[in-house]
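Some structures to go through are shown next.
Two complexes, one shared chain (chain A), two partners (chain B, chain C).
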Partner chain A sequence: MSDLKELEEKSIFTIREAQARFKNLAALWSTGKDSTVLVALARKAFFGRVPFPLIHIDNGIDFPETYEFRERLSKEWGLEVLVPKSIIKDDLSGVRCCGSNKTDALKRLMEERHFDGLFVSIRRDEHGIRGKERYFSPRDKEFKWDYKNQAPEIWDYISQTDDASHIRIHPLLHWTELDMWLYIKQEGIPVNPLYFAHNGMRYRSLGCTQCTVGIESQASTVDEIIEELKTTTTSERAGRMQDKEQENVMQRLRALGYM
Partner chain B sequence: MKRLAITLLGHKDHGKSTLIGRLLFDTKSVMEDRVEEVMKHSKILGRPFEYAFLLDSFEEERRDGMTIDVIHAQVKGKKHLYDCIDVPGHRELLKNMLSGASHADAGILIVSAKEGLEEQTGHHLRLAHWLGLDSLMIVVNKMDLVGYSQQMFETVVKEVESLRKTFFLLPKVEYIPISAYEGDNVVNRSQNMGWYSGRTLFEQLELLERQNHLSELSLRLPVQDVYEKTTGEKIIAGRIESGKIHVGQQVLFVPSREKAMVMSILTTNECKTSAVAGENIGMIIDRDLPSIKRGEICCTPEDSLNVRKEITAHAILLEDIPQQLVVECGPSETECVVEAVVPASIGEVSTLRFRFKNPMIVERAKTSLGRLAIKKQGKIVGVAVAV
Partner chain C sequence: MDVWKSLKSKFSKSTGERVIILGLDGAPYTLIKQFIQDGTMPNLARIVEDGTLSQMDTSIPEISSVAWTTFFTGVNAARHGIYGFMDLKPNSYEMYFPNSQNVRAKALWETLGDHGKRSVIVNVPSTYPARPLNGILISGFVAIDLAKATYPASLLPMLERVNYQLDVDSAKARESLELFAESLLAVLEAREKVLWDLLVHEQWDLFVGVITETDRMHHYLWAAIEDLRHPYHDFFKSFYTRVDRFIGKVYEWFHEKGVFMIMSDHGFCKIQKEVYLNHWLASEGYLRFSAPNPQSYGDIDKVSKAFNMDPARIYIHLKGKYPYGSVSSGAEYDSLREELKSRLLDIKVDGAPVIQRVFFKEEIFKGPFINEAPDLLLLPNWGFDIKGTITKSCFTGNSLLTGMHTQNDSTFFINVKHASNERVNIMNIAPTALKATGIEVDREFDASSLI
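== the complex of A and B ==
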């Protein structure tokens, strides 16, 4: 079994396990490469049809390319996309922006629709704090992550607790950034055009226009991105403000329910 | 490149996180900005560069110098990609330790030359055996703190060997004297221990081979779910735990004991004529069998796979358990009554007898069908392997 095939098998098992165990699932879809790969894997797991809705939290200040890509792919793949609006209150960034706006919009939608499981496309290699996550991770009513006392997850067995408002499911936890691009290439998965260099700049990790900073790059194809990543010395989220502005920001964000 | 999952094992503060940090650093498996971040944070806390901070990312972990929860880090080798699993060494964090170590193919037990054997050294050694790890390496760490003394190294080796002998037989293991902090014999050969001519830890890792004989065993395909297409056609979904399956083959489902023929095998969105252990497939059979649902196990008709009303297993309990609870085995679950045959304290290996309310398939195997989760109100309170 090839290396990518092994990664894929683990993810498909996790996605199907979630579908078998939970009544009402949804998946976050930022239109970024990771959550788009997750959607592609779900199509594979369920033989062409994604059996749950996708959530794109819209704060109104995403890039135009993001909206276009969302419309194009949802038509092409027959996806049900829910678009809760998050309201930008004032000129916030990092903890306060992602914390209060995006997470609040998600909370409202989750309550309205009674979702008991939410797929989130985080990976361990993205950030030290994300490295601490489990595949199935309960969140309480306030969406808090009890990171100091996580439920055990041994072999393929998971813990489901009564006091959880929902379970976060992370089928891509074991993939690296390079794995994602190798898989995108292998499977021919469409990606948001913002990843490709334009005038010597591209985005390596996508957030909204407020917290995403591009990197200098000439990589304008998937192959060129793969080559770039093989030699890079900086990490993927170097252009994301919520990871940098202060020590331990990501930990506080995640404890508060950030994706 | 093949992936290998390696768990660290050993008493708290013997250097598990520091060793993985050193492996990451010396194999250049970590990005520069991560190193800078750790450098900055080490400085804030008034310490020299802490390799362990490449793993310990919680504020509390760094402040208190201890690993609270598991983290996986990828170390790039020449032959393998190593998924190094850092686990907490504190006994009270055993649930986190097992959440990491249960995913490993092999283990590295770390023993400090300065402190010698401590409580969790023996405990983790027993867990490694219970988990059935394919191989184990033992590193004697902190050699820099004992003047790189050969005598100190040999004392620790002797202690560990006599401990190993007391509870079970294991194949021969390699002992490597290292200093994770100074980088001796981890990736680079030490200049301080001329008396040691064996391999570095990294060289030893590169010699590992992942054991994979599951495809050669009997067919076991636990039904994970059944999907109905809009055309009414049913797809039976599951991961092949062992063996192989091909189109045209007769199969038997247990416990329902229904027989059928495999009409098609769908892996993801393509059709295949056969599939092997490890693959998640969809299967269409030649008849509509309403009894086929999650929990049924697909095998071959000549197989003697039987449901069990009771079984004996070696268990690790994470807390005290009531006599009546729920156990899961692969996709099956049932209420059951548990009785201790050979009791043991929390976290140690006990022998338990399980009497199932609804009989299920459990067998002695290094697959999901040989491993059980003991649950109380949905939460894992113990795990067991069938014997």
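== the complex of A and C ==
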């Protein structure tokens, strides 16, 4: 198991470094556990005050618990929260509602406010493709990630490409799901109540009401979640329909000899 | 002006014909012909007297996702954007599964809807998730969630009541052929119920209903039809007799009321050998993986020059197109394609040539999305089923699957005599249907109407 102190130091270093080098920063805050830990780390890095605004993209169909949690914590921690509205164009597809709708809303806000750096709390262990991510990762105007065009990761050098619209900063890249919960416990960080079991179900990964499904679980405290994670064999994002549906498609194709 | 337009569409609605298209996934022309002659399909035998039955060419690659999208858009893949069941995201090795959201050409029923015509579309592949239309749509393969496959949602209770299944669970065949055969019948039964119910109770100008179970049976039980002593030989034939009964019922209800078509998206033949082309590419030095047991396209090494994706799509590992692309466009690309073409045509298995023809993409596709097309497309000889797997460590093999698709043996019937003498292509169907409904074509297809 990683030493929490070391994880924390590395993340705080990244956050401070970004603050020193970028003119206009913001952070994505979904109210999920990872981005909440990021906010907690930023408070620690800057002695209790988060010096940049947080962005919560609101598609109008998040869980009520999420809205309540957002209001409560932003008051308690004195956070500046920007809430761009994303419009659900087509409620038929999970992929489309997470993809273009949210991205469009974010694009509009980024253009309006001219943010040059955006903190995103992704982790390498979440998803295969995220394994290739860097701590500082440029995005072009279409928000595409050109990983062919990534500079080597050297601490005092942040690469800029010609068509970059902003840089994504990933201070939590090296953390695991279990690290998150151990740190939440150690620091007493408030978490969205959706993570705790209710009637035998809890959420392990949060999206909006359309693409998130619960897992069977009895874990109703941080300690119980930690115990559960130590023994689980399924992946964290198993409850995200986007991934689940893809897997299902793959199985069906495989049954017919494709793949 | 809009008033005139809507008046005109009202007018054409009253004069145009209604159109039914019944799809039999994977039903080969030669087999249908045989079943007409040997009495397995007596209704169809009578029906074909009223019109023209032809052997039809389908898309290349000859798989459902591409063929059906070509069918319902009437254009080639470089205009509709679907080249296979899976593809790689731009500038990456990350796989994704194209669905209805990735289809970039208008469906036949969307054009009809623009003219005030109503469509009922059931079980057509590549229509998931269901896109709203003027009418009703229940998506076909690869649909996962019934609610997302159904438009409008008010149809769901009826579908659930008859236990409508989007697809048979083909994986069952690997456990027990008996179970598989049983579920083929059950799925077909519910499908026929829904088709009939919508056919007779709904208002429509275009009705498209597809039966997928034929294709599923062929994949696992093709050997049964070629072998009289095979335990599932009679089952295979009786399954077609049952489909024939349904066709007869629909035709009897409909005939003389409009245009009636039957079609399939590809044919079938028996597999001699599965051929794992990525293994060949690797052993000939065109492809290298950075992992000893590659699991995904992400394991493709920098030095690789080409790779294959299901079923027989070869992509050149171009600089600028892929993160670790190694081949320059221009002279290097051109000579590599020529070299691969001639070497691929030389491949022999058990003394027989595996590949009949090799096409460069521009020989088959034309349109705005040709950049996404495979650089080479292979048409195998019947019996050699080319696979895009990257996990096999051998060149050929066999599996539980006994049937494979064919490109030049699809079925097409229309209840119009001597519709045309030209060889029919799957792209002819959409313009033909549009013409029959009496709508003046205001969009460009890649083929013309047969009537």
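Basically, the second predicted complex is superposed on the first by the 237 of 259 C-alpha atoms of A that agree within 3 Å, B and C clash if a C-alpha of one lies under 4 Å from a C-alpha of the other, contacts with A are read in each partner's own complex, and residues count from 1 in each chain.
By our rule, a contact is a pair of C-beta atoms (placed from the backbone, for glycine too) under 8 Å apart; a residue touches a chain by one contact, two chains touch by 3 or more.
Being a predicted model, the structure only gives us computed values, none of them experimental.
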{"item": "Touched partner set for A:I12, first chain B, second chain C, both or neither", "value": "first"}
{"item": "Contacts of A:Q251 with chain B and chain C, given as first, second, both or neither", "value": "both"}
{"item": "First (chain B), second (chain C), both or neither touched by A:K230", "value": "neither"}
{"item": "Residue contacts on chain A - larger count, chain B or chain C", "value": "B"}
{"item": "Partner chain in contact with A:K23 - chain B first, chain C second, else both or neither", "value": "neither"}
{"item": "Those residues of chain A which chain B touches in one complex and chain C touches in the other", "value": "128-129, 147-148, 248, 251"}
{"item": "Footprint of chain A on chain B - complex, ascending", "value": "1-3, 31-34, 41, 44, 55, 57-60, 68-74, 81, 83, 95-96, 98-99, 102-103, 224-225, 227, 229, 235, 237, 239, 266, 268-269, 278-280, 282, 294, 318, 328, 331, 368, 371, 373, 375, 377-380, 383"}
{"item": "Complex contact set, residues of chain A against chain B", "value": "1, 3, 6, 8-9, 12-13, 16-17, 19-20, 43-48, 124-125, 127-129, 131-132, 134, 147-148, 150-162, 174, 176, 232-235, 238, 247-248, 251"}
{"item": "Residue numbers on chain C that touch chain A, as the complex places them", "value": "63, 85-86, 90-92, 94, 96-97, 99, 101, 129-131, 141-142, 144-145, 148, 151, 167, 169-171, 173-174, 216, 219, 274, 296, 298, 310-311, 322-324, 385, 387-389, 399, 401"}
{"item": "Chain C partner contacts - residues on chain A that touch it in the complex", "value": "92-93, 95-96, 128-129, 144, 146-148, 245-246, 248-259"}
